[in-house]
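Questions regarding the structure given below will be posed in turn.
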Amino acid sequence: MKLLVTKDELINRYKQVRMNSEQICSPLQAEDYVVQPVQEVSPPKWHLGHTTWFFETFILKFHAPGYRLFDPQYNYVFNSYYESVGARVIRTNRGNLSRPTVKDIYRYRKYVDNAMVEFIGKCSLTSELIHLIILGFNHEEQHQELLYTDIKYILGHNPLFPPYSTEKLEMTSQPGRTTKMMVIPEGIYETGYEGDGFCWDNELARHKVYLNVFEISDSLVTNEEYLEFMEDGGYEQFQHWHSEGWDWVKKQHIHAPMYWHREDGQWMNYTFNGLQPVNKEEPVCHINFFEAAAFATWKGLRLPTEFEWEVASLLFEWGKRWEWTQSAYLPYPHFSKAPGALGEYNGKFMVNQHVLRGASIATPAGHSRRTYRNFFPTNQRWQFTGIRLAK
Amino acid sequence: MKLLVTKDELINRYKQVRMNSEQICSPLQAEDYVVQPVQEVSPPKWHLGHTTWFFETFILKFHAPGYRLFDPQYNYVFNSYYESVGARVIRTNRGNLSRPTVKDIYRYRKYVDNAMVEFIGKCSLTSELIHLIILGFNHEEQHQELLYTDIKYILGHNPLFPPYSTEKLEMTSQPGRTTKMMVIPEGIYETGYEGDGFCWDNELARHKVYLNVFEISDSLVTNEEYLEFMEDGGYEQFQHWHSEGWDWVKKQHIHAPMYWHREDGQWMNYTFNGLQPVNKEEPVCHINFFEAAAFATWKGLRLPTEFEWEVASLLFEWGKRWEWTQSAYLPYPHFSKAPGALGEYNGKFMVNQHVLRGASIATPAGHSRRTYRNFFPTNQRWQFTGIRLAK
Amino acid sequence: MKLLVTKDELINRYKQVRMNSEQICSPLQAEDYVVQPVQEVSPPKWHLGHTTWFFETFILKFHAPGYRLFDPQYNYVFNSYYESVGARVIRTNRGNLSRPTVKDIYRYRKYVDNAMVEFIGKCSLTSELIHLIILGFNHEEQHQELLYTDIKYILGHNPLFPPYSTEKLEMTSQPGRTTKMMVIPEGIYETGYEGDGFCWDNELARHKVYLNVFEISDSLVTNEEYLEFMEDGGYEQFQHWHSEGWDWVKKQHIHAPMYWHREDGQWMNYTFNGLQPVNKEEPVCHINFFEAAAFATWKGLRLPTEFEWEVASLLFEWGKRWEWTQSAYLPYPHFSKAPGALGEYNGKFMVNQHVLRGASIATPAGHSRRTYRNFFPTNQRWQFTGIRLAK
Amino acid sequence: MKLLVTKDELINRYKQVRMNSEQICSPLQAEDYVVQPVQEVSPPKWHLGHTTWFFETFILKFHAPGYRLFDPQYNYVFNSYYESVGARVIRTNRGNLSRPTVKDIYRYRKYVDNAMVEFIGKCSLTSELIHLIILGFNHEEQHQELLYTDIKYILGHNPLFPPYSTEKLEMTSQPGRTTKMMVIPEGIYETGYEGDGFCWDNELARHKVYLNVFEISDSLVTNEEYLEFMEDGGYEQFQHWHSEGWDWVKKQHIHAPMYWHREDGQWMNYTFNGLQPVNKEEPVCHINFFEAAAFATWKGLRLPTEFEWEVASLLFEWGKRWEWTQSAYLPYPHFSKAPGALGEYNGKFMVNQHVLRGASIATPAGHSRRTYRNFFPTNQRWQFTGIRLAK
């Protein structure tokens, strides 16, 4: 893997990445940093602390001579799921912690940032260290995306519906767009990451797959199309749904994508700008795998597999929505886990989730790749997820 | 009911009560105001908002001509359980709300305080109005006590165990005290509130009860005595427990009062000053009805009834702990609910709870009465609860 | 306690009691003996086995020389809640046990019956033994009542609504009855069991209570009156309900007493004879404490306390319904538990339940007493419960 | 699809299949037919009724002129999950139904059997009808396997551990066997059903897949090997487990395969012959996907994909255990659902389950195929499941 070469490049990118996280939080009030309305949404202050803990735990603690932990108790607070790195606050309790305060955590960031910059400047850069540091960048970028989605959840589930910003952050409509199905011939294709940049372990082991001839849309399903599904009784007809999806619809009384509210006969949508009328030209967003699959079934079509998506993705624009695929999240043929705590990241989640491909408007610039394998449980909706159809 | 007479007295008391609530919160960080670690503990900012909403909803809205609500949506956020006053955030969700912020709520308090002071100054004081205003004082005082207990829960369940204060707020030990059982003769006694001051509806309807001869302790059970119970296997022997209490012990793996932690062979106790060694001379605290009853059974004694307590309370000191009684919380013979929303307060909770008598170190000065009937579910421990034995 | 004196009397009563249990089950199919649709309803075969285990465990095992247990594993299967007598199948699992079969259990009964009759014939009758044997009778009679209520639940919750019998077992209407409130003067009354017959430990310690003047109805609330409550929106108006009761109504979508079904605009009622139109003249049945209290509140009246009931019960007919009282189930002033396993029966349940007084059409003849204190959780409806009003 | 041609063949096979189901139940007591200890285990009488309902509902009701339903209410009782065919008893309630009785259900079977035999004899056999009838055979055979696994669960979770039979039904050890890894070259293979016999819809759409070179074992993992995993701390080390699997292990306190019990220092195994010492030479059984994957990880190997299994299965013996694969249960490239209720069978379950290949000792003779795709949730263990390793 060929990576950034100079210390200056590393330090600059370090500063940039770290600043970006704080930038995302700049419109927040202290209180917004604290709450955890549902298990999958973490408090913003936890994200800020956890990404810092990552650099401290995996780099400074082991590689920086004489480094003193900012606070030895923070490991307990900011460890996410690394069984190798000791006990931790259980996930559902993150929103119960008023301390450390937001100010404490910004002090923690500053302390670790100073130590990291000093460390990169002084250390003898091995390829293992470079890899760890760049892993830290990518890890923090993943949490930047989660910051956006979690902040949206926190504000969008508040009865006052406060806007996050006055900028038009979510505008993604394409007036005048046409949709067509592209045909991809059958054959053997290669899939998986190739190159010398950064990628996650789950993209590695590039390998051949056989694809039948298939068709795939060059654009995402819009709110307008999704409204047709809703108006045609999509949420009331079991035929379109997986059995587990249908249970979810009935039990949770689901009638629309997350963040949609019916007000005075009109569908409103909570966005970063507050409640807005649903924009019909935008790609539908915040739907889970069950909804994506039900929509496709209703259309007489299906979702693409992750391999079809990867092969065809050269031919269409992507990056506005994480796109649900028909593929379960499973190891590639020669997948192997990294040794130690870092190996816990991807492998242990490879069951009962589905792969999303692409990227979303919340994904940091430069963080996306055609081979990137994102994954979420099939009932989750708080990410910026969308639908591309195949046949 | 004879009550405060002059407007100045009312205004002064109003200011004092309102200031006290804010005083209690003065050591808090913004983040401490927000969280709700368990359902029964409300975020401090919610208490500050809810007590304000009470004055706004029951007084200003109906009685102050031209009063404009600070924010019409606050009713949804700050209504506790008044079915008559519209929809509300469900109790378990209070800790999910980052907005209104703490600053918003202090602005809300100021806005309502100005309006209240102006209103009291200008209005024509009817006895109904006086009653409502004094009800508001007592209501806020109840929430002052909850502020103490909820803040203690929030800080005391944080893995960093931050102290609330450096003052010795909980010191209640009585070195050199002796304990003796006092004998109260059988006979007909009167019980319930009498007088022209303030009391809650559940204390009214003074009535006769017949008491058998009984004995009651002149002092509270200490941590030392409770430790004997623990060391004698109190939490491991079903014989001492109610069936429901025993289920609770086993399911929740209870071994000690709330806030006790075993560290290096020593029992530590989270107090407002942080973790401290258990003080053996203090009255045991933060035990629920099941524990109080099990301790009494182990001693071969029992808890007093609320009537025994009220009759005997002239003969002993009380006020450090809310004292569990053997009495279920039920209506007095001629109990009647007030009409309208305010009538919801006490009557609808008169089932499946137990009465506590006395007051605690967290009770505001002047808020306690011998006839006061506090009540909590039998499994709750976050109040400053203690044990007095009877026979 | 003066009790039955001759061995013949004991043997005859033993045979009679034991036969009655089997008589109650005679209309059942083998399958009806097995199921447990909800936790509080035990499979009939469990009742038959458990009452047998009671005689075996508390009498034969300790007092009959050379007695061999029918099957040593049965203790695990048929122990109900006696912590002193070892591990047991948890209550919710009783309906998962296909073995021992019904035939096995009838063999078990015959085996224990033979041993008991032989034992009574041969033993030297101490008063302790007499007491234990009579306790066994009363214990079995309690389970006879549960057999009726549990069988009704099992058949009445089957979608085929099979009748239990063609006899008119539940006919209790009183055409032409008039209702009047009787006035009972205030004063000191005595309450609790007195005499030398059998009673449970919770009735003992006869003691004085002071009652205010009160009024009590000479008859039970009828289905007709309860229908008025329903038609007046009784189940839709929170004002009548305890807070906990209102949660129950909303969460469980309750609109009518248990066993009532709306069919083609008519209220039908599952009875031992199958589905029948609701008989307006019958006392309302299968309502829980919350419903009883809500009905009383709607009427502007209340439920009697258990002491009022006991005092007034000389003046009215009772025995058709267990009558909910306003009294929580608590120990009498000088209540004391029996030593050993038998002492577990009543004391450990004295929290968070309410007292029912009287008896029902399912109570065995001779099993009822004016001082009898039955008790159930406030949300339970599967007993034959009814309402008598007081003021 | 070429299928059975003569009516006599159909009638004989019908009789044989139907007799086999009853044969499996012949050792049962009436009570064993009734209980449902966990949701996934249905009462045997339900299986007997449901398979009968299948013939009645999908064949007789629509195709046999003048056919009268045995009992119109049975549709509600015996519909499994067909949303198209009306309301049904929810799955968790199957064990609450004492009626219809076992005898009723045998009468129902006889009634439908007579009607089916008469109908086949008289009808004009279309290919659709032949298909439906053969579908009914295969459907009943699937339930025969479930009868075995559910009966084992019911008896094996009874504290008396009653044997099902004295025959050695589960003996599958292979003394003297050697294990070797076979190497399969990379290339394009075809997978999916081909031929004119019966298959399920999920096997259809034969298609090409590309397989990398892989190795696969010619035999199943034995109890001896699994014990090594256990003794090496397999259940105590998170490294081997999926995150979701590790949660399951900890929450459920899992230490061994289902049906294993530690007694006096020895591992015992509940089998159809009752409790027996674990036979080390037998293939391990009753482990779920998490355990299979953890074992493979511990060995430094992996599970095969379903395509690897299908390709390699010509080279080894199979049929003793359903073999967990690494493949999630997903549609084949050109999978299409049948129209109507029968199309509900397979498609709607294609999410969050894993594929099992092969067959087990409980699979009816003639019911297995190399292309058969069985599927279960990853936490289930009550099937006869085993492990084959790959690399």
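Each chain carries a letter (A, B, C and D) given by its place in the written order, and its residues are counted from 1.
As a convention for this text, a residue touches a chain if its C-beta (ideal position, glycine included) is under 8 Å from a C-beta of that chain, and two chains touch if they have at least 3 such contacts.
Which protein is which chain? UniProt says A, B, C, D = Sulfatase maturase.
What you see is a predicted model; the values in this text were computed from it and never measured.
Chains that touch both chain B (Sulfatase maturase) and chain C (Sulfatase maturase): there are none. If each chain is reduced to the centroid of its CA atoms, chain A (Sulfatase maturase) and chain C (Sulfatase maturase) end up 58 Å from each other. One simple way to say how far apart two chains are is to compare their mean CA positions; for chain A (Sulfatase maturase) and chain B (Sulfatase maturase) this gives 45 Å. For the pair chain A (Sulfatase maturase) and chain D (Sulfatase maturase), the distance between mean C-alpha positions equals 37 Å.
Counting partners per residue, chain A (Sulfatase maturase) has no residue that reaches two or more other chains. The full set of touching chain pairs reads A-B, A-D, B-C, C-D. Contacts from chain B (Sulfatase maturase) toward chain A (Sulfatase maturase) in the complex involve residues 29-37, 45, 73, 76-77, 89, 93, 95-103, 154-155, 157-160, 162. If you check the complex, the residues on chain B (Sulfatase maturase) that touch chain C (Sulfatase maturase) are 81, 83, 186, 188, 207-210, 212, 214, 238-239, 241-246, 289-290, 293, 302, 326-328, 330-331, 333-334, 348-352, 354, 378.
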